[in-house]
Amino acid sequence: MDVLLPSLVDGLLIGFVYGLAAMGLTLIFGVMDVVNLSHGALIVLGMFGVYLLYTALGLPPYVGLFIMLIAGILLGMALYGIAIHPLLGGPHLSTLLSTFAVSMVIIGVGTALFTSTPRNIDFSLGAVQVGNIRLLGTRVVAAFVAIIMAVGLYVFMYRTHTGKSIRAVANNRDAAELVGIPSRRILALSFGLGTMLAMVSGGLIATLFPFNILSGGVYELKSFVICVLGGMGNPTGALLGGLILGLIEGFVPVFMPVGWTPVIEFTLFVIILLVRPSGLLGAR
Amino acid sequence: MKGVKWLLTVLFILALVVTGCAKAAPTPAPQPEQKPAEKPAAKTMTVVLGFTASQTGKYAKESKEQVQGIQLWLKDLEKAGGLKLPDGTVVKFETKSYDDESTKERVQQLYTKLITEDKAEFLISPYSSGLTAAAAVISEQYGKVMITTGAASDSIYKQGYQKVYQIYTPASRYLTGAVDALKAWDPNAKKIAVVYEKTKFATSVAKAAKAYAEKQGFEVVLFEGYEKDTTDFGPFINKIEAAKPDAIIGGGHFQDGSTFAKQLYEKKTPVKMVAILVAPAVPEFAELGDAAVGIIGPSQWESLAKYSPDSAKAAGVSWFGPTIDEFVSGYKAAYGYEPGYHAAGGYAAGLVLQKAIMDAGSIDADAVKAALDKMDMMIFFGHIKFDTGEYHGLQIGHDMVYIQWQKKDGKVVREIVWPEAAKTAEPVYPLR
Amino acid sequence: MRWLRDPSFWVSVLIVALAGAWPLVTGSASGREDMSLILMFVILASSLNIVLGYTGYVNFGHIVFFGLGGYIGFYLISQMGWHLIPAAIAGAIVTALFAAVLGAIILRLRGAYFALATIGVNEAVRALIVNWDALGGAVGMTMNFKRYQAYGGPMNALWVAYGLMIVVALLSVITSYGVRTSKFGLGLLAIREDEDAALVLGIAAPKAKTIAFVLSAIFPALAGALFFFKNGNIEPGDAFRLHMSVEGIVMIMLGGYGTVLGPIVGAATYERLRGYLLTSPIFKDLQLAFAGVLLLLIIIFVPSGLVGWLRNRFPKVRRVLA
Amino acid sequence: MSVILEIDHVTKRFGGLIAVNEVSFLLEEGEILGLIGPNGAGKTTLFNCINGVYAPEEGRILFRGHDITGKPPYAVARMGIARAHQVVRPLNELSVLDNVTVGACYGRENLSLGEGRRVAEEVLEFVGLAEKRDVLAGKLNVAEKKRLEMARALAARPYLLLLDEVLAGLNPAEVASMLNVIRAIREQGITILMIEHLMHAVMNVSDRIVVLDYGKKIAEGSPKEVANDPKVIEAYLGDPELALSLLEEGK
């Protein structure tokens, strides 16, 4: 049992960060019904952004995150114009492939520039010992930043005019357009927000683990699992899904070989999709 | 009827286009015919040496070093005026190489092309066990000699191949030295945790290490594989800690290994020794800073190692080729940085082939095979000798060295700590 | 037979047959390897097209069938000493059963949900096999070289595997044509366009979709058994490579979604194009990025693919290009 | 005449909302029955219950003596109930001919592809879309799509045709021509149950009318009886003056 508690805490902290990454994916899906297959590549972009600012300019990672915040929105809006807007309303396949193409471009250029050499941000905030639980500074801060971002997004979506417009467009694009909401701008902004969340979470992950240009795939898969747990298109659910995934990752190794974690994760993923496609929180 | 005619014409054109496309070589246009072998009167002959490189894909980095090693060997050979056979014939090599994209389907396609179209007489393997296994099927089918490097897996040599020869110490002996070291350094250490990445290479290493540790009287308190691409080891490390091992051995590749080492450090996991695969041997491991300190890793070869004509004499075998210093300075001059073991492996593969052809006195595949079977020598890379029994071609001469990252004057440096004979510094033990 | 009088049937079949026979005529082993890969991609793309192009279900986990067929076939050959042909067929049968059960379950999901579930299935199966020691776990399995003696020696074994690859490719193309031009296929197309409307029109969509899914599973399973037999070893990472599913989708898009000829043309074009990009000195370093830009341009400007574009642009060719 | 369809105390709920509440009525073979009621009265939901899109919570639906309650839509379609949707649902990327062929092949007679094509050609001729046979369905205009919807249902050679507002969105000339089509269908002996908002049209072609309001049946009878039913006038049309004038118009 003295394994369980620290593992659950570890899982919980990282769960917030996973959840943040998944919020980006789920937001985009909720608003425009697009599964963004460039999500992983965008996460990696965030990692490299923070890494380069840290190594080249000496900017602390958390300052780098702010820059990723702005860069993410701008990049996302640009990507929307190029790869999403012309294809909206078509079959799912077109946006799946166009976002996949974006990911190929990002990773292709990234490999040419940075090779697939692993990178590591050598940055530490020490640790605090609570009982037999050792809390790493970087992890606590990452979880904290993730929570702030999530709360910020919530406030934005529910308290501001623009946020309400996003929700209206998500609900019914045609009706929103009838009441004068400029849906194209709102959609672009939503894609920007989704991209921003991916890049910021990438930046956070970079402070925790080594990575390379191909690391995005893992986090993209995790984000899918989380989105489904929390309900596709439901950002609040994504945070919860992230926590659940983190807990599973903390919980499973205690009781069975750690190699079974992905079997359990993906089986759960498929089962949830089948019995509760709207997620654990959503109505049936 | 007219429709049918028209249809046939279209069909014919389409078929031509498709087959035409298929014929178009995926890589450099085929060279003019070369008939290197059958010119007994000439004093020089050119032999085609074929291999694929992973210019793209997941092995791009390691493969590049390996290929640079091969190229340096060729350049050195060229400088020495080529390979001279006992009868005075000079053999020159021409290389053919394609990008295999780190995938098996390419490897088989390209090795077939190397053998049948480019008429390669000798082959060197691609980087990695998986790709080499795919290439070996082809080379063996055509009865060509292939020297493998960058491929440590044992299983390739359990399939009955007759002309595939391994340069690297096989996976089964990758971590056994770490077990020996632990036993020598600390008679009280009894418990070992073996944790490994669930990939072909790491799993075979871990299984062999476990068996060996148990034979040496250790208790393996934890034997578990983790999924490749694992990034968060937190919960797993908690589990390892709960098993209270004296030493942790295992690992996988660079990414997971360095992540694991970093998190072990952050969690201050109380173990006396950590020995993990691949990652510590890569120079970038130093980027981990303090987290790298004390981590031990097996290495196929180190520039600090002490193989020399003298140690060859001591071991009772012959010495061949450049010294370590000559190789290192040559490599530095050519590429501007210190060679790692991937590069050394590439060079060594060439060297072994060179020696075998010289011994055979011909480029006939069977004669070269016989020479390789008899080979027992030392080169800058270490001792080279092949199994000729059940596991034909398996490397049985070469040994791993174990490096440890240590802190000297505030800088993280690598030192050889095992085996005793090769060591450059005292080990940091216990770790914590 | 109606088919035998249909020029578009012959166009598709003969292209594959003639291209496949070319290495047999020239005896070029290198040509055989090149063509073997193209045929494998033709099989993957053509069979995937039954679910993706005809039925409209985006399957990212198509490669799971390839991996399963490969694993079962390989296990039977290397561990049980079966001959390649019965082993491949057994692999295909088991895979088909798997597809039937899986299809009945996950084809209830629609759109993006289905696409995500297929990713989950592929990953779950891969992770399961990694942990399954009887199948070699993460290490995978290897085959003793002596096994090739049963096929007239290793060199001959490759020709045998290649010959079978041609047969499977032809079968998959014929099946694709058969489905496309049948009443069953018309039902699938209706499901693709509007599943609810299709149900009301009397199409038993759950059954039809499952049959399509099973049909699409058989051919990659056969190809997997042949491919890994030729390879001599099998590992989970190679057998269940998600990326290969995506490549299959790209081939279909390139050639023409929902057409018989499209996946064939797409597979050949994609394979040649990649070969060119990879080796061209200009694009070598940026080949992935360049391929991405190309894909994006195709999706935005030529969404119906090469064959689809020809069909739309020149209605007269519809008779020969199905 | 015999009863072809029996709706027996059918109830369909969505959460707390009762969309169809204990509705019962009979449909005679060969008759045209109009189903009317204000928006949200549960008409389309009732259609969905009949052809199996929804399974009702209570009650039974008998078709030609067989209980079809809760059967999936494709099974119902095979038994001989075809439907034209309120919002047209053409299979956009298929040609007009293929659209109708789907209806024929998977309809009551379960035809082969070749026979289905032949039937489809006939039906296209009948509804006046023959010259558009090779056009992609997505490219048709609204009136043509409505005809296509109808053609597809007809091609199934149903015993019973459910028409859901097939006249909505058409101009007067198109309405007139569509009404002719509907009458001609009845000539072929096909029974019709139609939802319609265009009062004069529904009064004109229907033999009988059933009125729903808030999921309940509030009236049933000949167009004349229904038109003069004060409950209908009050509940359905709100303004009796307007209602009467509308109904007059229908005569």
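The letters A, B, C and D name the chains in turn, as written, and every chain counts its residues from 1.
As a convention for this text, a contact is a pair of C-beta atoms (placed from the backbone, for glycine too) under 8 Å apart; a residue touches a chain by one contact, two chains touch by 3 or more.
Note that the structure is predicted; figures quoted are calculated from it, not measured.
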Topological distance between chain B and chain D, in contact steps: 2
Which of A-B and B-C has more C-beta pairs touching across its chains: B-C
Rounded Å distance, chain A centre to chain D centre (Cα mean): 48
Geometric centre distance via CA averages, chain B-chain A, whole Å: 37
Gap in Å, rounded to a whole number, between the CA centres of chain C and chain B: 34
Interchain centroid distance [CA atoms averaged], chain C/chain D, Å: 43
Multi-partner residues of chain C (each touching 2 or more other chains): 127, 130-131, 287-288
Junction residues of chain A, two or more chains touched: 111, 257, 259, 262
Shared interface positions of chain B, touching two or more other chains: 56, 198, 225, 227
Contact graph of the chains (line, ring, star, complete, other): other
Which chain pairs touch, all of them: A-B, A-C, B-C, C-D
Residues of chain B that touch chain A when the two form their complex: 56, 58, 60-61, 198, 224-227, 229-232, 234-236, 238-239, 241-242, 254-255, 258-259, 262, 266-268, 284, 287-289
Chain C partner contacts - residues on chain A that touch it in the complex: 29, 33, 35, 82-83, 86-87, 90-94, 96-98, 100-109, 111-112, 221, 224-225, 227-228, 232, 257, 259-260, 262-263, 266-267, 269-270, 273-274, 277
Residues of chain C touching chain B in the complex: 7, 10-11, 14-15, 18-19, 22, 28-38, 40, 127, 130-131, 137-140, 142-146, 148, 154-155, 157-158, 227, 230-233, 235, 237-238, 268-269, 272, 275-276, 278-279, 284, 287-288, 320
Of chain B, residues touching chain C in the complex: 3-4, 7, 10-11, 14-15, 18-19, 21-24, 26-28, 55-56, 98-99, 101, 104-105, 108-110, 112-113, 115-117, 130, 133-134, 136-137, 140-142, 155-156, 158-161, 197-200, 202-204, 225, 227-228
Chain A contact footprint on chain C (complex, rising order): 52, 56, 58, 105-106, 108-109, 111-113, 115-117, 119-121, 123-124, 127-128, 130-131, 246, 249-250, 253, 257, 285-293, 295-296, 299-300, 303
